[in-house]
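Note sheet for the following structure.
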């Protein structure tokens, strides 16, 4: 790493993973197309997490699946729709330089090992295991709420790859720090926090739940203070890189997550109001910040709030 | 109940508790002064929950203890400051007609039984047990995360009073429906959902956590979809009145909670922007709603979303 | 008036107009839809059934708008079956718009089926701006011709023209929209061609315009969940139809490898057009 | 310029002015504080130490404001010790304001200690509006007199007057503010009396004004956590000092049983004034 870089160094290290800057695409956001990944890379994104991929293609739930709630918050129950491991590995087969992390979702150890074997042949940075999708039974949260299942799944993925593994945790029915500890003990290299929170919206006029699945996950502005808290607690208590996620909509939010202890930050819902150019904008503003604060590298601020 | 009431009936029943309308003051909001309770009653409030009271007076944490986050959301770590059972029973000693529910907090069964014995001599409607304050150790959430402790405390209060008991649950480290089930099995008459969610805010300029306690509870707009979800799930799965709480700022929010399954609704943070007159305003608007929809009583809509 | 397009409005259907046995127009009151730009769409919520994207149809009453549905699967059929007085939800209008440059004096509008919906809004704007518009409505057969009355009404007090062509010649001129366009561009100089309809038809229109160096704008459809640039289900190469589109110009279209070739299914797999 | 008063601003202390050994003024740039109304207060964050309410002090520079702190406990002492260049946080200004009715021509302003802070802002507004103001600053002894220069500057180009009285006669006129007021109201007809300072002093001022049927407005202090009407810690009978006040008029004050009698401690227990 060249610390004399005149352009001010925004690069961060997540264990073995090097990112040119700490901004990442959150899973499930625009995440199924190599062309989009390339566009995002041109927008100066640091890293990309794909939509959560399962062994078989999943159609997901009927619409409405995504609801803008106003004030920069969103509710979704997409139902993990995705093209499945085969179609998606084809999608990424031409990837050379885009820093892609594949998000995996499944309901058994076998599914995870099958996917990892296929994806390991691609040019990717690593995996994120989605154990925290709050609205699909037997995948995501129900697995994430069972420490024994988490342990087994992470161990299985670990046995099948030497690529770095992040485990994505959420705020559900077991303590987020405990869950992270189980994941790291089982061989994960880092933690992504947080996923959406189980939530619901009912239309007052028709008296009907809006999402077809009734219950979905809350994302965006609303959850930022919860995400900050989780990152702070996990990074304070455990020794592993943490990727912050939840409600980031500006460079200030990225900095807040990093100060709380995040080594990188995922950005999702805000794209609904800004489009992909948000990455370029935030990266520029982070550069200004690093310059103004006289930092040699942005990673100097990671976890600095723990001092106080 | 006179269903021919020309003024459209807003009254609701929470088991044995009758409220003239479903609006209630949430615990911890303006809740330590009989004079304020009287003012709120003149503003047409349905019922009042006091600040959580402990055996001994508590100073709480140093400031900052309450942070407006913007967009109608708030973060607080007041530290359960309260005047204690003796001073507070004196405060309420002259109460005759104000519909007051006392919120109790404590760390042992003995503390709860002691308080109930004293408060039972007052004119009150019942108790709310706060098992879900997310930022005070050994009180609130840490108790609420331990089903065995919940069971014991609720049983103790039950043995010491014939007054109705609500247990206030939060989104923490055990499933909210499970927690509610334990509370009801132990003798609670109803459930209040939800309390604030553990959250944090860090100032980007100074890099320091803002709350003196660093971590606090998120309330207001941000948490409404989570509160709606909890009320929906609890009222769908369990047979007991549920009091909704979290992010209510208008009559529409009250209706949304009731449609989700709430028999009454507590209102807190929004007072920071409207003051106590919000109760008068919402009550008026609820009347209009009942009239427009041609309901004989507002309680007809409770839980109606479960049909869909 | 709502100022936040994302806010869900619940509106009552005030009128239904049967266009063909399988196409119906539903009229409702909504200020934001009334002022929608040509090419923009709404996410229409049919409570507890579906939410589907629909272009905003014009309506003659102030403050009113409409959608015109061709019944197809579960969502569109349920919407098709809604009656006067029923409630539906709306959010939007979303997306960009057809651009009418100040310099345009003579434009060609080519639509097929419900693809005419955004084009009629465009035609109405053009006529108000005294731009001469030639509107071509293509259909397979007479039974599938609709919007004729409204199109004639838009064009009647201007020097614009409205033409119908059917593949089987059962109504109007016999021929496809592309063959119609072929002869029209031989005889006229158009500043721009605007098109919306089946993708393979648009592919033909765009191809012909490009070959003849005529600027062209086409409004595309893709499977949409969010309508606001979050979910990625509408992606078309590196573009998002909901946020970057639905209207793309000839330069953009020439770079889109998937245009007229493939789309993505509900699970995101690529499917080739038949 | 921030439009949301709740938004925390981090400002740099640009100047410090030592008023007495225990009173200091800190000057900073903040548009919202600059335009604060007389009687309004800020919640001042001393990072990782405290957050305390402080009245907004005037400053002569455009876009600037200040706070004047008497050092007392942990929070105020930490703030007192902040130096030029240090950062503090602000939110607000909060609360209502002293009301200067259009009909007022001659007003009496009575302040004690840092209670003069909101009153100087008021006096400055009054002088600009050509209202004659008689400003009385009371202190126990000469060492505790401050703000004299700034008060003289405010009054110098008007027909307003500035008077100092000390309990021990070591400076200015000998006597309490209440005795001063007594003699002033015998010789003048005031449209309104404005006061801020120790509560027992205000109790005297309000009592005297009421007895003599002179309208009166007093700015009160209570322990504050939120400053915005949520926590209830500032309650004074049924009123919230932060939201309904800090300024109350004679009619309101006559109904407040706790005024001058008791306040609530950090845990909400009532404590009687000594």
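Order as written gives the chain letters A, B, C and D; numbering starts at 1 within each chain.
What we mean here is this: a contact is a pair of C-beta atoms (placed from the backbone, for glycine too) under 8 Å apart; a residue touches a chain by one contact, two chains touch by 3 or more.
These numbers were taken from a predicted model, which means no experiment stands behind them.
Q: In the absence of chain B, which chains stay connected to one another through touching?
A: Leave chain B aside; others group as A, C | D.
Q: Cα centroid separation between chain B and chain D, in whole Å?
A: Centres of chain B and chain D (C-alpha means) sit 36 Å apart.
Q: Need the CA-centroid distance for the pair chain C / chain D, whole Å please.
A: 65
Q: Approximately how many whole Å separate the CA-defined centres of chain B and chain C?
A: Inter-chain centre distance comes to 51 Å.
Q: Hey, what residues on chain C touch two or more of the other chains?
A: 47-48
Q: On chain A, where are the residues touching two or more other chains?
A: Within chain A, the residues that touch at least two other chains are 208-209, 308.
Q: Going by the touch rule set out above, what shape does the chain contact graph take here: line, ring, star, complete or other?
A: line
Q: What are all the chain pairs that meet the touch criterion?
A: Every touching chain pair, ordered by label, is A-B, A-C, B-D.
Q: In their complex, what parts of chain C are in touch with chain A?
A: Answer in residue numbers: 4, 6-8, 10, 43, 45, 47-52, 74-75, 87, 89, 91, 225-233, 235, 237-238, 240, 243-244, 264-270.
Q: Which residues of chain B touch chain D in the complex?
A: On the chain B side, the touching residues are 28-33, 35-36, 38-39, 51, 57-60, 62-68, 70, 74, 76, 78, 81-84, 87, 203, 205-206, 208-210, 212, 268-269, 271-273, 275.
Q: Under the stated contact criterion, what part of chain B meets chain A in this complex?
A: Checking each residue of chain B against chain A gives 69, 71-73, 75, 145, 171-175, 178, 197-202, 204, 207-209, 214-215, 218, 221-223, 225-226, 228-229, 232-233, 252, 255-256, 259-260, 301, 304-305, 308.
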